[in-house]
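To keep things simple, chains are lettered A, B and C as they appear, and every chain counts its residues starting from 1.
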Amino acid sequence: MATIEVSGKTYETDEEGYLVNLAEWNEEVGSYLATTESVEMTDQHWEVINFLRDYYNEFQIAPAVRVLTKAIGKKLGPEKGTSQYLYDLFPYGPAKQACKIAGLPKPTGCV
Amino acid sequence: MSEGAIKKFMFVNRKAPYGTIYALESLEVVLITAAFDQDVSLVFMDDGVFQLKKGQQTKGIENKNFSPTYRALDGYDIEKLYVEAEALAARGLTEDDLLVDVTVMSRAELGKLMDEMDVVLSF
Amino acid sequence: MLHIVNKSSLERNTLDSCLRVANGGAILLIEDAVYAATKGNEAEAKLRDALARFKIYVLGPDLDARGMGDRIMEGVSTVDYGGFVDLVAEHKNCQSWL
């Protein structure tokens, strides 16, 4: 099992760098995970991260990209509910990168 | 699968949650199938109706409570959920006990629906 | 003797078999067997008859996991994991009906 260290505290991750224990997540851990993905976090990034965490808390899964895009459009406005918008923020894929930064497991149905 | 060829898929769920892995496995396959834009129906019959029971609290058995995920199906455009009327009655349940909106059907009606499918997967 | 049943009585005949063969003592319902002790389940009448011959228990955490904690039938007692251990210790022997 791999680990990361943030502010002197150790967190377990899986072999792909996803946080093992969702409950241990905080913004500092999120920021650290973002650096491992070379993503520079802005308010727009955090908006998506917080949305993902809320979604997970409600439904206990990380959404597939298509589902995420649609749900973001509904919640944050249609201009943000496009895969273009999400890929601009997370170039290597919102599923892979945003879920990792949000401390969620890899999405089910991510194909 | 060739593009444009939409098939009718039916997932038949007959097992109670947690006692076996079937309910969770079925749910995961359903979520993956949703990516292929097929015509998906879910049927809950026999003990499978227990999967949709409200108020599941799994802390005590240290299992993941996956019942909230059924409420995400709508967002995956999976809207055809059918529940066997006789199974609910035999278990002292009513539609109000279920955590998602469903269509309750008799066994006979479910049998007809099953005949109309291209692919039926049983869990 | 303590009889432990873990299968849903609407899916398997384990509980029926236990009730036919067992000579009294206690029955503990765990996992999917807990549904049998809930109000409105088809097994309710069968279990009510069995209460004349057996003490019947259900494992609370399994009942709660299934969202059935508020509909346990009268006459059946709920135990937690500690109570499970106590039942095993109190009885001379036990049988897990698989």
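To be clear about the criterion, contacts are C-beta pairs under 8 Å (C-beta built on N, C-alpha and C of every residue); 3 or more make two chains touch, one makes a residue touch a chain.
All values derive from a computational prediction rather than experimental measurement.
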item: Pair with more cross-chain C-beta pairs in contact, given B-C and A-B; value: B-C
item: Far-end chain from chain C, centres as C-alpha averages; value: A
item: Centroid spacing, where centroids are CA-atom means, of chain A and chain C in whole angstrom; value: 44
item: Centroid spacing, where centroids are CA-atom means, of chain A and chain B in whole angstrom; value: 28
item: Residue list for chain B, restricted to those that touch at least two other chains; value: 65
item: Of chain C, residues touching chain B in the complex; value: 6-8, 10-11, 31-32, 35, 38-42, 44, 60-62, 64-71, 80
item: Complex interface listing, chain B residues touching chain A; value: 28, 31-35, 64-66, 68-69, 71-72, 75-76
item: Footprint of chain C on chain B - complex, ascending; value: 15-20, 46-47, 50, 53-61, 63, 65, 67, 90-93
item: Sites on chain A touched by chain B in the complex; value: 58-61, 63-64, 66-67, 70-71, 108-109, 111
